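The letters A, B, C and D name the chains in turn, as written, and every chain counts its residues from 1.
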Amino acid sequence: MSIQAQLRDAILKVLPDVECVIGWGPGPDPLRNAPLFMKTPDDVERFEAGPLSVSNLAVFLQEYKGNKVGIVVKGCDSRSVVQMLAEKLINREDVVIIGYPCEGVLDAAKIVTKLGLPQEALEAGMVAKLELEGESVTVTARGKTTELAIKDVTATKCSICRYPNAVLSDEFVGEKREGLEDSYGDVDKFLAMSEEERFRFWEKEMERCIRCYACRNACPLCVCKDHCVATSRDPHWLTQADSPRDKLFFQLIHATHLAGRCTGCGECARACPVNIPVGLFKRFMNRATEKLFSFQGGVDPEATPPLQTFKLEEPTIQERNWK
Amino acid sequence: MSAAKFIAHTDVPAWLAELAASMRVIAPVTEGGNVLYREFDSATNGVELNRKPTESAKHVLFPRSEALFTFRKEPVPFAPDSLDPATEEDSPAPRMTLTQPEAPKPTVVFGMLCCDAGGVTTFDPVYGGRYQDPYYLQKREATVLIAKACNEPLKTCFCTWVGSDPANKRDADILATDFGNGLYLEALTERAERVLGSKLLQDAPANAEAKAEALHAAAREAIGEVPSLEGIDNTLTTLFDERDFWWSHSAPCLACGICTNLCPTCHCFTITDEKASGAGVRLRSWDTCMAALYTLEASGHNPRGQKAARLRNRVGHKFSYFLKNNNGRISCQGCGRCIKSCPSSVDIRRIVLDAMKKGCAVKEAANG
Amino acid sequence: MSVLIGKERRIIGFLCNWCSYGGADTAGVGRFTQPTDLRIIRVPCTGRINPLFVIKSLLGGADGVLVSGCHPRDCHYAEGNFYARRRLEMCKQLLPAVGIDSRRFEYTWVSASEGQRWQQVVTAFTEQIHALPPIPRIAESPDLGVLEQCG
Amino acid sequence: MAKAASPKNGPSRKATAVSIESHAADVKKVADSAPAAPATSPASPASPPSGGPEAHGAIPVLTPGAHNPYLPYVATVREVIKETHNIMTFRVTLDDEEVWNSFHFEPGQVGQLSLFGAGEATFVINSPPTRMDYLQFSVMRAGEVTAALHGLRAGDKVGVRAPLGNHFPYNDMKGKDIVLIGGGIGMAPIRTLLYYLLDNRKDYGTITLLYGARSPQDMAYSYELPDWLSREDLDCVLTIDREAEGWEHRVGLIPNVLLEMNPSPKNAVAVCCGPPIMIKFTMEALAKLNFAPEQVITTLERRMKCGIGICGRCNIGEKYVCVDGPVFTSAELKALPNEL
């Protein structure tokens, strides 16, 4: 039985006990799934899980606080759920977690590049058909059909995924997969640029930020949302001017607020409509969190986030010596 | 109105460079994997006409932020006599000087999508209606819009549903049609003449009109079947209190502002002050009805505190309220950006079609 | 006004009320010579310092930011500086991601009696900032030009 | 100050040549055919105000083409009155004498009061147009702007964008018995109307005022109460929510006191302003007293920014509270989507 069929069975089993089960269903174009909120067995018929199930559904859990819901999670999504549990943002008894081994999700932009058609002539929306079979994906665009290996077009986060299986689940279907290594190569690569280059890189990138705050709203661990300092006047951290400075500052606010909490699901960057690599700030923070506090967000629901605690002596923190 | 013109693709950069000598030239350019409407740079000549810009061109007429005016408190001139408390009352009060921004530069937007030009004409009655908004109207008057007929609609495009067209002649000043070797330029308004004087422009070939029409028809065809949205305004009013309808459609919504920010017709803004010591600026900047803060009152009351209420208002504005205030014109231009860029795949077409279906059911139930 | 106009750098110091502000005072009373680049902001505790104070200062044009509080285990509020140590270190780790030299931000501990140490810290930090070029300025909207004129 | 709207920067007449396909064009034609109002009197409406239902909300009070509607008049605070622990009243005059001398508004119209640097917020002008010594705004401390406004002192400069919105239909109310009901800060718009009616006393029947607040200390305009209570031509009833020492008037929530007062709906109009919850229950009480929805008038409050129907946030369905309101009859509200 396919993973998808097994998941459907698991969902049907959970359905009577919950307000709804959050999973994925067909999206508006063949390249992606859309979140699906299942209340009836008919809804479950539309459920899909696989390389198109990109979005992290944990972002919706807080809206249901106090009502029991089911959620289908990939490994990375499960870490968001775990971190939310660790921070008591949701109650364990309110959520039924259905996990499966994730083989990676597709990155639409990579597919577009791989298709061999001239880049400028292609929009994601032009893909007419997409079929998944085994390790390959067959894409039809502009009357041309191309077969690609899934591993070549998965999201970058999938190629460094340590936790492809749900780290916490009430129901788990399928065979667990091996995790991969993450050596923060992207961070090192970025640091290879000079300081000035890095600074000007962000200045240029932020110029096109439209301040839609999708990076914030797609983040399962951004808890203020409706009361965010980004638009509040009291406190007044930011002006509403179309300034790279204000826009960069917001990204740094987001990154600092996620310090020691971020689980690296990458939704902030995926949500960005103008492709600003905002996930990079959090990658810096996550590496520092691992280095300083040997902590990874969203792995242990009992763990205290490192910035909510301290040690009397901090052997890993190298303080400046003024002598 | 001047006769139709033709310009070879190879001459376009030179033409834009010519225009740039006396005007601000905005054109779609590639930046960081996106196509964005930006100031044309004759050094790079990078105009991108084959892809659809990620964002609309509304920022040309309605910048993401703009200064409404600056204010400055003029210091009271020092008068030794006034140090006496008895005479302090009589000393001149500090003055507050307000300064408005400079008049906008003449501008041309080259190669904008017809749906983006349509966005501009939905702004017009809002910004030039009961009250005249000088900031918008001055830019509008100073700007020539050159739209390019769409030759390859995306899967998310639905302009024909909402009374527009991939090659509509209602909205822009000039309509350009891509003949493969160059652009066929039809002047649609008098404003067009401001940019059609160049020697690089040739007279249009003899069969051009028919050829353009065939291309337009093919694009129209590519969008496919056009469902009827007859009576959508009243249908949405009928569905206003259908909680489940709005709840289920808004469930995947992240309440971010991608849809409103990319939309060519969303025109809402906020006004905030920034100040340093004795001077400052009153800014107007884009705002989004998808944010809870947008309607939050100082008392803490929020008429649209739930994201379902906010989505209902956005869809309601585009497909109902705007129609009632503007002779039945749907404000949505069917550009599909809100669908294409939505991280949660919320599809406004599905909401509207469901509303049509559900509205019929509700009416039938009421009649039967 | 300093005699070093033109040469002076803008350095912001966030000092806790109970130790380092006193330490700076002690240094002043003791007439220890100090560079004048530092502008001091007094805060109740280093635990009150939001890392965004540091980032906003640097993005706003400060060439350096110095945070100083009570020595660990000496916090007036028992544990404020323990939390601060972790937060501020994380903040320091983030700066390279933005392309800001992490030497532009330091945090340390100076007690109210350590006038001498305060002098050392300020002098060393000011020298460190002077060894770096002025902080790069990020583009701002022209709409805010009027604020810039006011300084 | 209004002269700052120089021909160069102000909206040129040309701007109106923009092709617009909307009913708004009709409004514009009226404005175009009217003699261009001088830039210094932007407050003169394009057509004389009638106060009748047809003009209800349809008057472009800032003449299109004559003035930048975002540019406030610079005004000076003349007097500051501390009304209650969280309400302050500001009396201001516009600095430009020419503008001030020709300034006109209607009872119930609002203004955007701004402190430069803190921002703008909407308040009703609660002095009556019949007494133009100053414009009076009463501000309850609630958010960032109101907190800043509470720091104002006499002599300080503020910005005023006014008049905005529609007004009480005082012409339609002529010859009728009037029941005014104000709760808390909602007394501000009632005060404007009260003074307007008193200043045109012969045009109206009996006038009853019911003014309620949480406690005697929460009652704004306390210094005016003795006059209101002693007037022959006004029946003034005061109430507080709970018993308080030394209180000689009614005790009880406004809707209950109103039911006890039992005003006759015959040839009467009720005007009710206050917090949303008070309006809700007072409307119900008025319905019980057989007031028809057309006889009940209220004012709505919404978060507003532009005040001129453009920025979008104050809509209820296709109506904008800032230009189609803030004054609505109960009947009009019933026709709007349920999004209060």
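Operating definition for what follows: a contact is a pair of C-beta atoms (placed from the backbone, for glycine too) under 8 Å apart; a residue touches a chain by one contact, two chains touch by 3 or more.
Fair warning: this is a prediction, and the values are worked out from it, not measured in the lab.
Put simply, the chain nearest the middle, going by average C-alpha positions, is B. The highest number of C-beta contact pairs joins the chains B-D.
Remark: chain A and chain B have CA centroids separated by 31 Å (rounded to whole angstrom).
Averaged C-alpha coordinates put the centre of chain C at 50 Å from the centre of chain D. Computed centre separation for the pair chain A/chain D is 49 angstrom, with centres defined by C-alpha atoms.
With each centre defined as the average position of its C-alpha atoms, the distance from chain A to chain C rounds to 35 Å.
Of all residues in chain A, those touching 2 or more other chains are 233, 239, 241-243, listed in ascending order.
Annotation for chain D: residues touching 2 or more other chains are 119, 143.
Shown for chain C are the residues in touch with two or more other chains, namely 141, 143-144. Chain-to-chain contact here is organised irregularly, matching neither a line nor a ring nor a star, and falling short of all pairs touching. Across the assembly, chains come into contact as A-B, A-C, A-D, B-C, B-D. The residues of chain C lying in touch with chain B in their complex are 141, 143-144, 146-147, 149-151. Note for the complex: chain B touches chain A at residues 30-34, 36, 48, 50-52, 54-55, 63-65, 152, 154-157, 248, 251-252, 254-258, 260-262, 270, 272, 274, 283, 285-286, 288, 291-293, 336, 339-341, 343-347, 349-350. Note for the complex: chain B touches chain C at residues 65-67, 70, 72, 274-281, 283.
Residues 187, 190-191, 193, 195-203, 207, 237, 239, 241-246, 248-249, 252-253, 255-256, 259-260, 280-281, 284-285, 288-289, 292-293, 306-307, 310-312, 314, 317, 319-320, 322 of chain A are the ones touching chain C in the complex. Remark: chain A residues 27-29, 32-37, 55, 59-60, 109, 120-128, 205, 208, 210-214, 216-218, 225-228, 231-233, 239-243, 267, 270-271, 273-276 touch chain B in the complex.
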